[in-house]
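One chain, chain A, appears in both complexes that follow, with chain B as partner in the first and chain C in the second.
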Partner chain A sequence: MNKYPKTVFVPLILLLAILILSFLVPFLRGGIASQYDLHFERALQPPSLAYPFGTDSLGRDLFSITFMAAKSSFMVGFGVVFLAALIGVPIGMIAGLKGGFIDTVLIRITDGFLAFPPLILPFTITALLGPSLTNITIAIAVAWFPWYVRIVRARTLEIRSSGYVESAKVMGAGWTHILKKHIFPNAFPAVLIQASADIGYAILMAAGLSFLGLGAQPPQLEWGLLITQSRISFLYSWWTILPPGIGLFITVVICNYLGDSLREYYDPRI
Partner chain B sequence: MTPEYDQSQSPNILDVTDLSVGPTSENTVDIIRDLNFSINKGATFGIIGETGCGKTMTAKAIMNLLPLGIQKKTGEIFLDGIPIHTLPMKEMRNILGKKIAFIPQNSAGALNPLYKVGPQFEFVLKWRFGLQFSQAKRTAKEWFEKVKLENIERIYESYPCQLSGGQLQRITIALALSLEPTLLIADEPTTALDSITRKEILTLLTSLKKEYNLNLLLITHDVSVVQKICDRVAVMYAGEIVECGLTEDLLKNPKHPYLTGLLNALPSPNKKRLEHLTGSVPTLQLPLNGCTFFQRCKDKMDHCNTNPPPVYTTRNREIRCFLYENN
Partner chain C sequence: MKEFFLKRFLTLFITIFGVILITFFLARLFPNDPVMLVVGPHPTQEQIDAANQRYGFDKPMIEQFILYLGNLIQGDLGTSLRTKQSVANELGHRFMATFELVTFSLVISILFGFPLGILSSYYRKTKPEKLIRGFAFSSIGLPVFWSGMLLQMFFFGKLGWLPLQGRLSPHFQDVGMATNSGILVFDTLITGNWPLFWDALKHLILPVSCLALSSIGIIIRTVRSAVLETIHEDHFYTYQTLGFHPLTILFRLAFKNSLVLSLTIIGLVYGMLLGGSFLVETIFDWPGLGHFGILSITTNDFPSIMGVTILYAVVYLSINFLVDVAYHYIDPRIRFAEK
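After this line comes the complex of A and B, so read on.
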C-alpha cells in the first residue's frame, strides 16, 4: 500500500507538470492578466520564435493561453469527479449495505439518470442553470454519479459478506464502524481507479460542452472554447486549432494511463 | 457433568430451549426445529453434523445475527441467566464481543486485508478494555505468545495475506480469547487447515480451554475433533438434534441409527469394507411428516414415516427415535 509503482507516479507527475506550467508559462510571458489583452495588429501570425504556437484571430499568444486553459479544464475534470464521487459513494454504500427496499429505491433512482443519452442530461441541466464552467461541472457530475453508485454498491455487496465484516458484527460492531473501517477503505481503490480515468473524460466532455457554447464563456480560457474560437480561422491558419486539441489529447491520454496503472496496481489479476 | 435443566439456579452458561429458525416465507420447512441443549459452566459442548444440517445457523441464531430472510420463529436462549433472545439489536451489541466471542471458520477472510495484523488486534483491545496504545500493544503481543506464534515481531507487522492459514487461525483464536468471553463459539475452527496444523490447533484449543476454563460451543463435522475436546456432544441431522449425550459414552455406544451408521462409516485399520449410509439428506422444500431420517434408516418402522419421533431421555442421553420408546 505504501509503495506506488513508477507507472502511477509518471502520469501523476506529468499532470502536475501541466498544472504548474499553466501558471508558469503565462507568468513568464508577460504576466497572467495581459494574456487576455486583444492585439488585432498581430492576429493570426504563424508559429515563430516570438510566438512558438502562433497567435489566434484575436492576436493572443496561443502558447500562453493554451497552457492557461489547462487550469480551467483541470478544475472541471477534478471538480466533476469529486462531486460525482461525493454523491455516488455514500448512496452506493447505503444501497449495498442496507439492501432490500432501500437498495431497490436508490438503485432505481440512479438508474433513472442513466436512462438519458450521455449528452442530453448535461445539456438540460446547463440550460436550466445557465452556461458557465461551474454549471457544467455540476451538470456532468449529476450525469455521471450513477457509475460511482454502481461501482461502490457492487464492492459493498462483496465486502458486506466477507469474513472480516462478519467478524466485526460478531464483536458487536455497529454499522457506522463497519462503514468507516471496513467498507469505505476496501471500496476506495475501485473509486480511485474509476475517478482517475474519468478526469480525462470529464475534461473531454467539458470541452465538448464549451465548444457548443454551454461551458466556459469568453474571455475565459478553456480548450473547448479555444477550439470554437478557431473554428472560423483554422482552414487557412492551421496553427490555431492544434494547441488546444493536442492539449486535450495529451491530458486525456495521461488520465487514461493513470487509471490503467492504478487498476493494474490494485487488481493485478487481469 | 449431569445436565440439569433448571434455569432458576442457572448452573448452565447457555440454555437453548425450543429453538426454531426458518425462512421468513411461510411455505418452507424450518431450517432448525425444536433445538434443546445447554452448556454447563466450564464445559465444552460439541455440535456435530453434516453440511447443511443447521450447525452454523444455530450459532448465528444464538448471536442474533441470522442472515436476511431467515428469522427465529420460537425459542428461548439464556446466556448466564440473561434472556438474550429478548434483547433488541442495540443491547445485543453489548453482549457480542463482550460475553460471546466467535472463532470463524475461514480465518483468512476474518481479518481486514488493509490493516496490519498487530494494529488490528490492538484496535479490538482498545475498544474492548479501553487500553492505551502501549498497553494494547503489550497485551496483543502477550496473546500472540499464548497461542504459540513464532516470529511475533514479524507477524505483528504483517498483513493478513502474508501469513499462513495456521498462523491466521491462531490469531483469530487469540483475538476471540482476548475478549474474555463468557461463551466462546467456534465454528469449524479446523476445517480450512491441513491435518498437521489441525492437530496443532486442537492441542492449542485443548490447553487454552483448561487454562482459561472456557465455556466452549464447538461446531464441527469431524468426529475426531469432538472426541478430543468435547465433554458433551449433540448430533444434528436435518435441523434437529437426533442424539445428545456425554462424548465418550455417545461415541462408544451410539443409539440413533444415524449416529450408528455414521460411526460405522469411519475407516479403521481392522475393517475390510466400509459400511455406508444410503441416500442423502432430505431437502427442506417439502414438508416433513415423519422422522427426517426415515428414507435412509435401516431400522425403520411403519409409523416412522407418519409421526415425528419425540425426544426420549434415558440415562444422560436424549434420543429422537421410536426405537427407544420403551426404555
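After this line comes the complex of A and C, so read on.
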C-alpha cells in the first residue's frame, strides 16, 4: 500500500476519522439510541460547555447528531458510487469490446440519460419512487451510471487494440477471459478516480434531495435534513445551521481532494 | 457551417425525443402503479377505473407513449392535478423567473471564474494558486442550500440590507407581474420604472450570488486546465523570449486559445445551475420552475412532474446546442477546415 503518496492517504484517513467519530461521539455522549430523544425543555440553547454546538429546536444535542448524521451521508455516497459502477462498468466494457451495433445502441441509451441536467433526473425518480434514503441512492445512481459507461468504454477501446490483448486472442482466449484478466484490471484506476471524486458529489446531491424532503425522513439523521430542520430557527439561532453544513462541506471537500490527488497520481500531466 | 448546423439541429431533436422517451418510461416503470399517482390517497375502485380510462393506463405502453408524444407536439402536457390548470400554462408562467435567475448566475460566475482560472494557471504551484484552488474546491463543496441560508442570515437577519425571499416586495406584487419579457430587471430598466427596478434587483442579489458561488469553482478548474494545456505550445515560448509579460501572454493570447476548451464548460455549468435552481428557489421562495416542481412532488402531481423534467432537459439541451454552434463559430480552425 505504500506506493500511494501522502496526498492520497491524508484524505482517506480523514474520511475514516469522520466515520469513526460518527459512532464514537454519540456513544460517549449518552449512547447512540438516546440521541433521537426530544427534549423541548432544553431547546435552542446556544453553544456551551455542556453542549459544544448548542441544541436545536427539538432539544437535541447538535454536537452528537451532527457526527451521527455522517453515517447516512457516507452510506448514500458509497451506495451511489457502488451502484452506478455496478451498472455502468459492465455496460461500458461490453459496449467497448463488442463494438458495432451493440455499442451504438448502448451508447445512445446512456447518452439519453446524460441529456438531463444534473439533479433533475434523481429528482424525478425520487418523486416517482417516494421519498427515502434508499430511493435517493437508487435515483442518483440511475442518473450517474452513464459517466461510468463512458469512462470504461473509452478505456476498453484503448486496451482492446493493445498488443497483449491481441496476443491473448491469438492464443485462443475467450472474451470473458479478456474482460476479467485484461480489461477490468486496466480500466479499474479510471473508475477509482471517478468514484472517489463522485462520492463527494453524491453526498452533496443526496443532502440536497433530503433538504427538499425527498431523502432522509425524520427521525433519521442526515445533514441535508438537519439543515431543513434548522430553517425554522436559523435566523435567530445561528448555531443550529452551522454544524450540519460544515460537516457536509468538509466531507465533500475531502472527497474532492482525494479524487484530485488520485488523478494527479495516475496522470501527473494535468 | 450550414451543414454542421443542420446536423447538430437534427441531433438536438433526436436527443429531445430520447429525453421524452426516458421520462415517459421512468414514469411508467418506477411506481408500482401509475394510477396511484394520479388518483391521490385512498381512492375508490371507480376512481381508479375512471383514471385508468382517462389517462389510458389500460392501453399498451407503446400506444400510451405515442398518445403522450402526440399531445406534447401540440403543446399539451396534460392537466395539473394540483391546480387543475394546463401544465404548459403553469410552466410558461414560471419559466422566465427561473431563466432570469439562472442566466444572471451564469454571467456572474463567468465574470469571476474565467479571470480566476487564468490567474490560477499563472501562479501554478505557488501560494496564490493554492488559495484559488482552495476557493474553487470550497465553491464546489458548498451546499448551495446552506450557503443561501447563511446569506439570508447575514444580509437579512443581521444587517437587514436585503429582502429574505420572493421576487418582489408584497406592495409591488400586482404591478410586477404585468411585464413584457418576464425578466423583471430588464423590463423595469427599459421602461425606467426605478422603484420597481431597484426592488427587483434587491430580490435578485442573494439567490444569484448563492447560485453563482456554487458554479465558480468548476469554471476556475476547467479554465485553469484549458490554459495549462494550451500554454505548452511552441508559440508561447516565442512570446516569452520576445519579452512579453507573462500576464499579457495569458490574458490576451493564451486565453483566446483556451476559449474553445473553456466554452464547453458553459453548457455543463448551465445544467448545474438549472439543477441548483430547485434548491435556491425553495430557499428564496422564488416563483420559478423548481419551486413549482417541488410543489408538484409534494402533492404527487404526476403530469406536472413530467412536464418540469422535460422542460428542464429541453432548456439544457438547447443551451448546449447554442454553445456548440458558438464553439464552431469561434474556432477558425474548425470553420476553415470545412470550406
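What we mean here is this: the second predicted complex is superposed on the first by the 268 of 270 C-alpha atoms of A that agree within 3 Å, B and C clash if a C-alpha of one lies under 4 Å from a C-alpha of the other, contacts with A are read in each partner's own complex, and residues count from 1 in each chain.
In this section, contacts are C-beta pairs under 8 Å (C-beta built on N, C-alpha and C of every residue); 3 or more make two chains touch, one makes a residue touch a chain.
The structure displayed is predicted, hence computed values, not measured ones.
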item	value
Superposition on chain A - do chain B and chain C clash or fit	fit
Touching partner for A:33 - first (chain B), second (chain C), both, neither	neither
Touched partner set for A:125, first chain B, second chain C, both or neither	second
Contacts of A:49 with chain B and chain C, given as first, second, both or neither	neither
Contacts of A:164 with chain B and chain C, given as first, second, both or neither	first
Residue contacts with chain A in the superposition, chain B compared against chain C	C
First (chain B), second (chain C), both or neither touched by A:245	second
Superposition-derived minimum Cα distance between chain C and chain B (Å)	22
Chain B contact footprint on chain A (complex, rising order)	1, 99-100, 162-164, 166-167, 169-174, 181-182, 185-186
Touch list for chain C against partner chain A, complex	15-16, 18-19, 21-23, 26-27, 30-31, 37, 137-138, 140-146, 149-150, 152-153, 156-157, 225, 228, 270-272, 274-276, 278-279, 282, 293-294, 296-298, 305-306, 308-309, 312-313, 315-317
Partner chain C, residues of chain A touching it in the complex	108, 111-113, 115-121, 123-125, 127-129, 200, 204, 207-208, 211-214, 223-224, 227, 230-231, 234-236, 238, 241, 244-245, 248-250, 252-253, 256-257, 270
Residue numbers on chain B that touch chain A, as the complex places them	63, 65, 68, 92-98, 100-102, 104, 106-114, 124, 172, 179
